[in-house]
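Pasting the structures in now, so scroll down.
Look for chain A in each of the two complexes below; its partner is chain B in the first and chain C in the second.
On to the complex of A and B.
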């Protein structure tokens, strides 16, 4: 029985005491899962921090920024387009938060609308990134340290967004199959936390590449 | 010199104000909740609202851009 509880999170027994026992086990496994997920996010912070410090180090090795390549200084990135794209991503954070709140209050139809809004906005952000990659005149990935840093960090972030979009689609399918209910929805909590995390990483990247 | 008020910047600035306000309202509603997940959500919502401030700064050219 405990195996199925750990696996599905909310299996209930027929007897009353078994119900209480299952609930205790669920809460314990939920807390452990949550701690594990928080540690996963911390490890991702460490990963991004390493690349960000590498970028800052490289940036300080040159006299001018953006760097000079073949006797010509590279242009700055287009802050206006990036600002719009940032709003798309931050907006998706709000829609995901709203989706989870609706789920908590049993409004499944509203949840479906908001999670799909999040998926669409996440996909739009990725399309915006693709557009920016195609139009950024910073010398490509191997053309300069600016390009190498920019494409590595934003590419890594974009991969996280892509994983997040897939994750949200999986969560939506799980809700359709009845994996979660109004009191047992750890997957949705983790999905929301992951999505907020992806938003916050973009805050740092937006500042570093477009404002700093 | 970049243009201070392109259509993209105006759209981004207004959207950032709206999203920032919504994030702060969500933060206010969650303020008294407890638990690791809720506390983490509050931190992340606050940082997202800060991101909206950065977008407003970028959109309206309030601070000069870095670089040399």
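On to the complex of A and C.
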């Protein structure tokens, strides 16, 4: 086990026989936050997994997919547009990674450019998603189990992207206020992790809705 | 594993405890919006016990209705709402918050030698979601209570009154609270243990909390998804569950039980932990099979994820799927049996002291084992096809949830009350409480087994007009009134003790886990100096395995023998 709060204290250790801790400070350490944040992401993965299970379960109850609703065969989703939009999101993962690397190396100007690139790409993805919602011919959210699972899952993902964009803007403002420095930047790590998480979820959704 | 760091670090002069995290002085910051795990734990207990009274009164309404089979006390519609709310409140507003938020928060950080949980502010947020959720849930009565049972199976739940939406939101909220508490506890247990406290030196209650936290962190968001879909379908007509729109009611059952079966273990594992603390203390013996008890908690948590469909044997599950679920369900009995036998071996030859806490722990062994065995019956598909949806099931789960979880909560209350308040409860009243509870509990729920086997269905406002059915229902009802009355003894005892009880001192039971090494109630910082831990806490008869303790009388430089020595082997 790595360093924990209780172990940061003053220890007169193995040499002497008294393992007495004089002062131990209460504080959240970086690895506590990292573990906590990772666990949060795990529970979020379960949320998506449950809906993905629901989608696959419902899909399994009908003979053809997309399903036939009121005697009408629903069309498949437009793969080409979604593929381009996916690239926008995956690209934003690269820019976010670059932003964090620049921060670690103290290149603040480059960090500012790359985090704004991420924010813009994320917003672009959301706009693309909105365009797709407006043009999807699958009978709307409440029209069928196709619409229900597609709009709920991608909507939940979109909501996560929206939260991510807002979080990145907050992080940028925090860096302006000097909350983080080159060695203490947990918020940026969390933001990057979150952004990659949103990317990975999209990989699964893109496969399940457009390719599968 | 590097247990104790041997490097000597110099603490910066400004890093004095009180400077970083001073004890708040205002009433609101100290008792209402406190970030101290002990205060939050007590808040959970008070709120949980309040809902326990409300949900218990609902249970009494059910029993008043079933005194006669003419459905004249309540209309069937009202009755549906009452049992739905009783079940929902007991599971989500009483047992889960009490065993995780209540005892987990108060006891666990003390037992691992930590000053607080990993994320105190998150803890504060988790707690405050709980009363809000509870008020929302009970608020459903004002607009029409949900009436499809605590499981809220569609399509009935889709047609239920507006209160069903309140139910969704309330359970969603308490689910988020439970998830966040789970995350908080895992990080606390993995990262904040006192030096020298390896995983296999943790008290068993901490092991139980670790397994429970993993369950609530992973499973609860699956329930959140199911609830979100139900809410969307009810409010916006998004088809997930309605078969007329292509949805599937069975989908809800899968998603619901994927959470709600692990939830059974969320409710019982902490009670296992409490029992594992109480038994060795009052038997004055090391716990038997420490590692097996610890690892069986983890095994139960793991297998608990793979048994959910045993609730669905009558739902048209594919036969090839039923068999593995039956076998896996029966496998749960193995780690549970390991625990039961280890506890019995702990009692064997011990110098047993029958305090109320110990009596409830022993009562737990009897009633929980009984409920566990009927659970194995129900796991067998042929039996389940016959007994599903009858009072046999009601009897079964009240034996594990009341005879298990609630008895565990009672044992924990008697055991840690001196630590929480610094005062002792009246032992004689406690004994009365136990015996009245134990006898009336069995008289209430035992008849349900044969009523169920004779075919009395659950969730129906009336029953067959036969001499037998009326007689046994009246026995159950009258006993349930005694059961409710006996609980008043506990509350009276608590109130009396709070003002008049004898001062407890640091360690009234002669227990050996870390929380008993500091004054009662514990100081704001728990440990001025965090002790080093040399061994498991249960070796009665040996010196305490702690170095550098900060005892109420002053720092103890050397291990002290605070517990009376173990009796000589016979």
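Everything that follows uses one rule, which is that the second predicted complex is superposed on the first by the 184 of 212 C-alpha atoms of A that agree within 3 Å, B and C clash if a C-alpha of one lies under 4 Å from a C-alpha of the other, contacts with A are read in each partner's own complex, and residues count from 1 in each chain.
By definition in this document, a residue touches a chain if its C-beta (ideal position, glycine included) is under 8 Å from a C-beta of that chain, and two chains touch if they have at least 3 such contacts.
All values derive from a computational prediction rather than experimental measurement.
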Partner chain(s) touched by A:105 [first = chain B, second = chain C, both, neither]: neither
Which superposed partner A:40 touches (first chain B, second chain C, both, neither): second
Partner chain in contact with A:94 - chain B first, chain C second, else both or neither: first
Partner chain(s) touched by A:135 [first = chain B, second = chain C, both, neither]: neither
Chain B versus chain C as contact partner of A:176, first or second or both or neither: neither
Touching partner for A:202 - first (chain B), second (chain C), both, neither: first
Chain B or chain C, by number of chain A residues touched: C
Interface residues of chain A shared between complexes with chain B and chain C: 31, 35
Contact footprint of chain C on chain A as seen in their complex: 1, 3-15, 18-29, 31-32, 35-36, 39-40, 42-44, 46-47, 49-51, 53-54, 57-58, 61-62, 67, 69, 141-142, 144-145, 147-149, 151-152
Parts of chain A lying in touch with chain B, wherever the complex brings them together: 31, 34-35, 38, 41, 63-66, 76, 79-84, 86-87, 90-91, 93-94, 97-98, 101, 189, 192-193, 196-197, 199-200, 202-203, 206-207, 210-212
In the complex with chain A, residue positions of chain C that touch it: 1-2, 4-11, 15-17, 20-21, 113-116, 118-119, 122, 179, 182-184, 186-187, 190-196, 217-222, 224-226, 228-229, 232, 236-240, 245-248, 251, 254-255, 258, 525, 527, 529-532, 547-548, 557
Footprint of chain A on chain B - complex, ascending: 2, 6, 8-9, 11-13, 15-16, 19, 22-23, 26, 36-37, 40-41, 44-45, 47-48, 50-52, 54-55, 57-59, 63, 65-68
